[in-house]
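What follows is a group of structures, each given as structure tokens.
Shared chain: chain A. Partners: chain B in the first complex, chain C in the second.
Right after this comes the complex of A and B.
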């Protein structure tokens, strides 16, 4: 009974917080974003916080992450130091257009929104909603609104800013846009940002999102990404989660794909105490393709939870999920992948695979690959494995004079590389290979030049 | 070509339930409703000892605190538990000693089902404990079994004659607190079978029970308990067909199996309760808790099920692999047609070292039915070298049905190897083309392919059942084609 009382109080806590500070939240955001808040608050009241043990949040204890007494900032960023002084992304040969998000707000150098070389419009979401109200009105909260997750409503109610990226019709940009999401503060902090990425008809773009924490405080992020890929658009989205282990991160991505669009999303989770990634993909037009991959390497007490829902709402679509993980020490993880094929989505091809390696007896992994199929002319399959490194492969390597440790590392690296090779930015692929290699060796896998000792 | 196939598939899948008839036998029933008084009355009617009544009441009180679970992928109309009759027994004049004394109407019912008691008694070497509604009517071959020390009797008889065994094992695998329907069953269970195989005994024949729901509006709550002592072996078969009835009937059974060291228990089910008519009206709700525990080292429990009936099937025959080197097996064919719904699968809980489990599940959906596989494989930290392999295939016949797979895989041991794979598809046009090319008509080809698809599971059934199961598959799906 006590848990129900607490759950209510957690929802109430945020409802009260909203009531008390609604003016401040709205004042520091934009009118278009504000119009969605009342409904979201109502929805939060109805849905409440997810409860551990429910079908969607079977193992993730959301309440425990929210229970920390975290500061919430609704005004301007109070960061006094210049982020650019201490943060350098040092990926060799990675030439990107860099956008910084600090504690959930767009960090600008005087320009809130700008046109990047190649024709991409990028910058603050709040600012964009003033400058391009037509676009924002059409897409903002359009894909997340149907969610039955109270945390999404929570984000809509509180989100004030985030990153907006827009590629106009027919524009193809080679150079990736890099969004670096930084948490830095003197106090324990909670942030809820909101990103909106739009790729118009026949456009192409690549986005890299890096999550970092630059101070040792406890952080909690509850972010929502909405991605719209119009007819024929091609989007590649790579996310690298590398916050320190005292932080908790909950991400919700809603991807909406139209006819012939292609979206490839990779999520690489390296560090972070508590990570929950919700990915919802709707294939809304024929011949749309979705590739969702994930890699999670965890040790100590880390908890990494991936939840993927692919909705085949149209015929002739293709989707593929590949999620792999290595768990060490007493880390735990969960994977839930669901393929939903709707009644008329004939000729669907959908695959799903989840492979895990457990390195200790204290590590725990939960895997739920799921198929929900209402059309008959489909090819759908899923597979899930849990086990350890292949003894015969180990023996092969040892018989070639490679020592035990190196052999194991080599095999684990090969295991992980299957996911990494899906990343569409070559320089980044190399970099992640390197990070993963370091991570598996137990070395610090931060960027070399970073001044912060947050590993 | 496509049209013709659809047409044939449509014809095949529109078959009507063939076992729909109703035997008018005088019933000894109590009034509708559920309360402590009703439970006391059931207990009194069955001349049960005090401990049973206490058990029932405890279960009932616990049930009152529980809520109907909602997680299954099922659409269950609200059930009014106060509108059910919880005890119904065919009226008997006196204790029966021979078949001649059995009610001729009742015998006729069994004959229609194709299980004439006399014939089976003499020819097939199968001991039949026929449960008609709630009370065991006739038990055969008891003496043969008794010679070897095997106890095979109705549950109520066991309660009276072997209270120590019942006290020791009843509720040890499925406690009354286990789930909503287990609590309900524990409170009101009517009858069932009890089977005890002593140390080192190999049961010389297949044990079998035919369950049958008869009286209108009677919830049937059987309880089966099988205890296999060290180094023993038993193969148990359960099969059921129910007469056509318009109101929904509730069926919440419990099956418990205890396998001690090196014992082996095979449990096979062919379930063909009334599935409701083509519009989804009527049909049996089949909410069953089946669980076995491999208590001793090297023991083995094997579940085989062919599920073709019931409007709603909700069951997960499970194995708790507690001993070292234990084995759990689950083979299932689930067929849903018209408006049927099934959420079925298994749970394999690996506790002991070197425990192994295998899951083979074949789902076939037709009409506007929904068929889900839901299974749990859980490896606890102590289960060194645990091994599981799961294979779940779904076949869709028609574009209005649904096939779903919800496996839960939880590993807490690094040396465990768990594999799960599932596929969903329809019957390949190339396969039909191949058959056609060899002169096999499309409708025969579909029957052939479905039988081949389910073969892996049907092969695990005892001979007597394999034949019936194959017939059932065809009746369920093939309508007039037999």
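Right after this comes the complex of A and C.
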């Protein structure tokens, strides 16, 4: 079968699905979200699904993860879960406000949208679009719409709900908001949620998103996150991906940063069969700063793919990408880091580094820096390394009586910690250190056996 | 304690040690001297278990057992310690975590319980005082950003923490001022007991003013060309290595 034919058939499959279920999709969502669907469907028809080998998806075989016969549910969740079990978060140091997404839908614990202590407004995106239409209208799909990725259009066409987090002007909240995104079902399932995080002028907030799979079914998630950081706002966004090997996760994140805003985003991929994270950042105002970091720990046949695109659209901005990973067994992965410096973005500082440790000969990693620089007064650097653990460091540790395995773990942990130390929530940093340590020791075998203890 | 017999070792086909024999008994201090490139560090590395070098022939027995059969960590657990000529920087591994892990691995090997946090800190404090190491250094990553002298002191600190039976110090004195030299000597002398031994590899006689060796060996081009008492070090200091070289030619 030719690629074109396959591409068409998968696209057609979803176009047909939309045609058949459009009423049900809309009825279980909200009018404002529904207004974007027709255009998105048209766009999907034009763009189709990403093809392996294309410039953006060189190694990621998207079609293969969509091939599975996964159930799509557009109504209420069929699983019944005990809210007390899920919300039982007994991590002593991690004091957060919890929100729950189950199979892509906001879990209604009595209030669809609420004001959290400190002044953050959070809850169901569909509900927010009814309650705060002006805000949603202004931001929803405003940053994702330009995407040339058919999967983003796919999400816009089908997404019914997700998480809305809003921090008003000047409000600064120390306590993180934690979004626990759970997949749990009796059938193999696909879900597509949509999040919208907005930080108004000079506000501050911290968000932690934890992706979990809580049952052994095959899952596929295709989610879109839009993040708006207004002038002078500061946002810290940490995502912890911890799903089982039978799960596939595709995330698209669009961050829009205005003048003097600061956004620091960390993606910690602990576990998951297939992970593709697309991260698009637009630095739209001067002196905006973006820190995008990622850590991935992969083994067996896992596939991890990070695609980062930083658009320096204004002068005097700073961006730094730091992605590090350890690949074991026959795991494979890819990192693409794009830096686009537009003609007027003078005095840009943009840095990128991608460091990998390959523990076996069968583990594979591809690293592609892509620099497109049209301004002349810029500081840019990129570097990428592929290697094994440092033999002389290993020997030094062993010569002090630390056994081989433990020495390797110490070195891997040290390697990973460089990313973790960028997470600006101390308690969360400790938690993630602990999770990474467990993961490296192979003690995180069950995906829901996560020290976050949310599920 | 340690018996090395006709050790021949090479790296990438290049012979570095060409038949070294040496016996070290408990309670003794041996000094190995010799010009650069003689193979001193190679010998030390082989004793510690670095697999970069291949042992072509000869044997090394430690406490009656074949040392070459053992992994570096087994050797360390059985009391062997190498003070590295060039200590390795390990970013991201804290000194505290490093030492705690090492000590507890050794205790486990001896069937002892791990040290409690307070016992460990107490021990750290004591040893830090002994080697006069800057307190902030132990809050950092292993050797990261340490000056040359700090790295050497850190080797002695680790030795003091781990309390080895056979310590091999590879040019720990190089680049140190007299005060630091005294610290190194104190570390070594402090460890001295009837059932432990030390091999100090050094370039200069001056360390031997503070650590008095029972035997001095001169390693030259992969062979021990002369052995003697501490007076050999003095002789060497007076006449220089040139004498040894000439002597070796005549051998």
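Please note the rule applied: the second predicted complex is superposed on the first by the 436 of 455 C-alpha atoms of A that agree within 3 Å, B and C clash if a C-alpha of one lies under 4 Å from a C-alpha of the other, contacts with A are read in each partner's own complex, and residues count from 1 in each chain.
By our rule, a contact is a pair of C-beta atoms (placed from the backbone, for glycine too) under 8 Å apart; a residue touches a chain by one contact, two chains touch by 3 or more.
As the structure is a prediction and not an experimental result, all values here were calculated from the model.
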Quiz item: Is this a clash or a fit when chain B and chain C both end up on chain A?
Solution: fit
Practice problem: Would you sort A:374 into first (chain B), second (chain C), both or neither based on which partner it touches? | Solution: first
Exercise. Could you say whether A:386 touches chain B, chain C, both of them, or neither, answering first, second, both or neither?
Key: first
Quiz item: Touch check for A:400: first (chain B), second (chain C), both, or neither?
Solution: second
Exercise. Decide which partner touches more residues of chain A, taking chain B and chain C as the two options.
Key: B
Quiz prompt | Touching partner for A:109 - first (chain B), second (chain C), both, neither | solution = neither
Exercise. Could you look at A:69 and tell me whether it touches chain B, chain C, both or neither (first, second, both, neither)?
Key: neither
Exercise. Using the touch definition from the top, say if A:364 reaches chain B (first), chain C (second), both or neither.
Key: first
Exercise. Considering only C-alpha atoms, give the closest distance between chain B and chain C in the superposition, rounded to the nearest Å.
Key: 14
Quiz item: Which positions of chain C touch chain A when the two form their complex?
Solution: 48-50, 71-73, 75-77, 81-82, 84, 87-88, 90-93, 97-98, 101-102, 105-106, 109, 141-142, 158, 162
Exercise. Would you tell me which residues of chain A are touching chain B in their complex?
Key: 55, 343-344, 346, 356, 358-388
Quiz item: Where on chain B is chain A touching in the complex?
Solution: 71, 73, 381, 394, 396-426
Self-check item: chain C partner contacts - residues on chain A that touch it in the complex
Solution: 390, 392-393, 395-404, 406-407, 410-411, 413-415, 417-418
